[in-house]
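Pasting the structures in now, so scroll down.
In the two complexes that follow, subunit A is the common piece, with subunit B as its partner first and subunit C second.
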Partner chain A sequence: MKSKIPAFLIERTSVQPYVPSKGRLKKSFIEKGIDHLAEVIKSGYVQWETSLMDSIFHRIDARIKLLFLLFFVVIVSLKHQIVPEFYIAGFIFLLTLIAGLNTLQFYKKVLFLGFFFGFLVALPSALNVISRGEVVVPILHLSRDYNFWVYHIPAEIGMTREGLNAVSMLTIRVVNSVSLSFLVLFTTPFPEIIKALKVMRVPDSFIMIITLCYKYIFIFVKTVEDMHLAKKSRTVGQVNNAEARQWVGARIGSVFKKTQLRCEEIFKAMLGRGFSTEIRLYQSRKLSSHDIAAGGIFLVIGGLFLWM
Partner chain B sequence: MDVAQGGPIMRLEGIGYSYHNRIPAVEEVDLTISEGEKFAIIGANGTGKSTLMQIMSGLVHQTAGKIFFRDQEVSEQALKNRSFLKYFRERVGYVFQDSDVQLFCPTVLDELLYGPLQLNVNEDEAMDRAREVMKMLEIENLRDRPTYMLSGGEKKRVAIGSVLTMNPEVMLFDEPTNGLDPRTQCFLIELLVALSEAGKTLVIATHDLSLVSELETMVALLSENHRVAKIGTSEEILNDEALLLKANLIHEHIHYHGKEAHKHSHSHFLFHRHSE
Partner chain C sequence: MHIPDGYLSPQTYGPLFGVSFVFWSVALKKIKKDLSVKQIPYLAMAAVFSFLIMMFNIPIPGGTTGHAVGGGMIAILLGPWTAVVAVSVVLIIQALVFGDGGITALGANCFNIAVAGPFVSYWVFRAVKGKSSKPSRLSTAAFLSGYIGLTVSALLVALQLGIQPLIAHGPDGQPLYAPYPLSVALPVVALEHLLLFSVVEGVVTLLLLKYFLKHEPDLIYSLEAQRTRT
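The block that comes next holds the complex of A and B.
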């Protein structure tokens, strides 16, 4: 082996000591993206940790919690006034306190999603170009009205009272629905949620897709993170955005190939352990009086919200 | 022939790291690695070997303590400096435990050329390096093959080759013999000896005691509480059966000679010997 060592490997890189010089490297968009991906694993870990906490809400059976989630999401979308929606938001806040969740972190996530998928998405619909009504926030004045195909553009463009009401309703609905989902997600271990879905007769194919997706996300993120580290270990200097895009483009193919191979292996492992097409889970525990009482309370409170 | 060892090339002072700021992986690790030295970090699964290696390669950053390469501090901040990043990366190479994640280029040749081209080595020289490394690692026939179509042993050779073409002074190997067949393991040990004789500083994270014994390295043993339990020569560490037992690197083995039960420490390489 020694005789085979190439001459360049015996040469020392450089005996010169390091001479500091200026020239900062900016964090590339890839690095920032990978940091965010790493957050996915962290949030998965946080979900696992918070779901194992002990509180009255945590102790409720996953089936009751899922029914509660479905029932309340329906109530949230049935209400047409903003006041009952705020009452529901207050009730969810109370439940997060009972569950002992970190409310600040919890509402940071909820409001972020509510802002993007509720407020920002719906905001253009508040313009009088889309929803007719009394303009309360004027934005632009044109010299005259314009008619274009089926559209009518009035001389005064602005937000209407009706439009703003609709945006507020949609935002609070999104906030309420997201906070309900997060409340159940952060207080129930993932395998329990899957088991509850199975008990509630959700089709096996759907459960399998959810389970595999959940696992796939973690495997995918870990693969991408490790590949990024491998690249980092052999990269010197700044990578410009064009090169970074090129690298990401080329790597998407290789990550796809790797994950496809991994997927085939996992499927073989499933077949090897007798998987046919039906998902079999071990027997769920029986509902306790505590679960039934909690279910009853949710039902009564839900009924109250519906009546309001 | 042993290459004379120089001064310290890498120094770790009170290194600590925890995942998600909650799960400790490494705690208060102090190490000094000399130039040209063969150094093994051994420990059972989950003691923090891989994390420590990634910290040493500047890929993840410690949450406590300091790390120095030739008296220059290696920190997240320092690695943002263009010239220091180049200085560090061309001198420290890292071979990942999982070759699959290390190989991200379309073909074996692309993989071998990636590092030198990053270091601004001219194309002809990079090609020469790749050719020579392929010859040394006996992978010339794999030159144009996609990396996902390689066997485990071939992937390991290509992963090592991809770092060798950068010609680093320090090579960090994370579990290099994991999952390799005996012939590839033997090839790898010969390669490590040859690289050491060529003057490279080798740092190996492993729980393969036979590798440590064959390479006669300096050894730092990580305990299950993620701290350095002992540093010494391979002979000192491997002869300390009580320590190896405590560190979960060997186990108590009971078997029968006829009707008589017999107990001894056992490892699949070194300690299958019967005490009195």
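The block that comes next holds the complex of A and C.
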């Protein structure tokens, strides 16, 4: 008996969420797009929520926290021994406890980035093909050495002690830098961080561009997410890669048009709120004794780390 | 493409901050002598657009997906100096909010992605297009501008990472920052970009230009600038 189900409902679509590929599942470009967009919205939401909590660290003025971030990130980049880096990591851990952050969530995010950008990217450099030294983890034995152009491949390939030390150093440095950024980000509302750039003599107009951009990123990310969801919901037939690329190109064009139209609206709204030709941000509050004390403590501890 | 913290030595990230600072200052002056209120939303939206380009995954042969960076596209659509400000703003937000790219490496990232890429793309587009307005010529110019612009940015990244073992190493000769020498960093980055990422960038630039030529040709800065000159 002939099936009465319409053909388009039986047909397998190429834009299904997961496409089987050699024993594993691959996501379609629409699913990846939606995931990517959801991650942006989630990051913004988590940052907003945690930055509004209350703790001694949260109450420190954004300008002090920004200077602390820059000072310590530079210190982290200047240290060449692993022990001081561990002390810095311990100090950051202490600050996350003082700030009352969810340390598990915090370090899950930090360690993931540290593992990916620090450890995984640098790990192959520990091989004696790149780092000369004593092989402590042998991996492969070849019949003889090979040489071509500027490359030398020894008969015994493995990881060297010196190479592993360099990888550890890079990993802890990346972890420390990322945790410093996230510590300040999760304890300070982003507009406050940007406004604090004034202490570094960044022009008000540039600060305003960043602030506006940050606000509208989330509005437009939602728009782009809707585009993806609309595409997903109305796709029942086969869409080949060429068609998909056309769709992406047209959607980027459409997003550009939307941002241009929004320009006019924002400008009119700004005029409506009494903006003149001069751009001037409100002055921040005066630093309290609590802020100055925190700044002093950071300065002394930073100096100690530099001296170590 | 975004260099994280810890990979560049102070003797690299310091000067690159200086170079980027010069470009930011000139860009703000070029766009408007005294940045008026009207330019603020324009630049902010250009930055939003630059951020959003990276949100679109595009299917590429082999069953995987990639995304464009968009510096070249912004340069063609809005001009290279606008691209410098817009893409730099996005890089600052990405570094601070999403941990994508380091804070010490911000100057280097801005120079590679927000300055070199857009300018190279813009010049390639203008050079290949010439005075022709044939669709095939415009398409070739668009593809090459995206392709070469991103490749140059990537090669600069590889160069900055590759020189680290030469300029910053311990007494035992071990690298203190990025561990891969030029002989490894340069071919790896060049190959993956020449064969994959820059192709995606070129294709997206081409598709976007086609879209605008069909629907809103007046919005394309690089064509408008040439028309004004002739």
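The rule is simple: the second predicted complex is superposed on the first by the 213 of 308 C-alpha atoms of A that agree within 3 Å, B and C clash if a C-alpha of one lies under 4 Å from a C-alpha of the other, contacts with A are read in each partner's own complex, and residues count from 1 in each chain.
Definition applied: contacts are C-beta pairs under 8 Å (C-beta built on N, C-alpha and C of every residue); 3 or more make two chains touch, one makes a residue touch a chain.
Small disclaimer: the values here were computed from a predicted structure and weren't measured.
In the superposition on chain A, A:250 makes contact with both subunit B and subunit C. In the superposition on chain A, no contact is made by A:62 with either subunit B or subunit C. Applying the stated contact rule after C-alpha superposition, one finds that A:92 touches neither subunit B nor subunit C. Looking at the shared chain after the overlay, A:232 reaches subunit B, while subunit C stays out of its contact range.
In the superposed pair of complexes, A:183 makes contact with neither subunit B nor subunit C. Comparing subunit B with subunit C, the partner in contact with more residues of subunit A is C. After overlaying the two complexes on the shared chain, residue contacts for A:166 are found with subunit C alone; subunit B is out of touch. Put simply, subunit A uses residues 19, 21, 250-251, 257 to touch subunit B in one complex and subunit C in the other.
Residues 4-10, 13, 24, 28, 35-49, 51-53, 55-61, 63-65, 73, 77, 85, 89-90, 92-93, 95-99, 102-104, 170, 172-181, 183-184, 203-204, 206-208, 210-212, 215-216, 219 of subunit C are the ones touching subunit A in the complex. Interface residues of subunit A facing subunit B in the complex, by the touch rule stated above, are 1-2, 4-13, 17-25, 42, 45-46, 49, 223, 226-227, 229-238, 250-251, 254, 257-258, 261.
Against subunit C, in their complex, subunit A makes its touches with residues 19, 21, 26, 28-30, 32-33, 36-37, 40, 43-44, 47, 69-70, 73-74, 76-78, 80, 109, 113, 117-118, 122, 125, 130-133, 150-151, 162-163, 165-167, 169-170, 173-174, 177-178, 181-182, 185, 190, 193, 203, 205-206, 208-210, 212-214, 216-217, 220-221, 224, 241, 244-246, 248-253, 255-257, 259-260, 262-263, 266-267, 270-271, 275-277, 279.
Every residue of subunit B that touches subunit A in the complex is listed here, in rising order: 20, 22, 54, 57, 59-60, 70, 72, 79-87, 89-91, 93-94, 96, 98, 100-104, 106, 114-115, 118-119, 125, 128-129, 132-133, 135-136, 146-148, 162-164, 166-169, 190-191, 193-195, 197-200.
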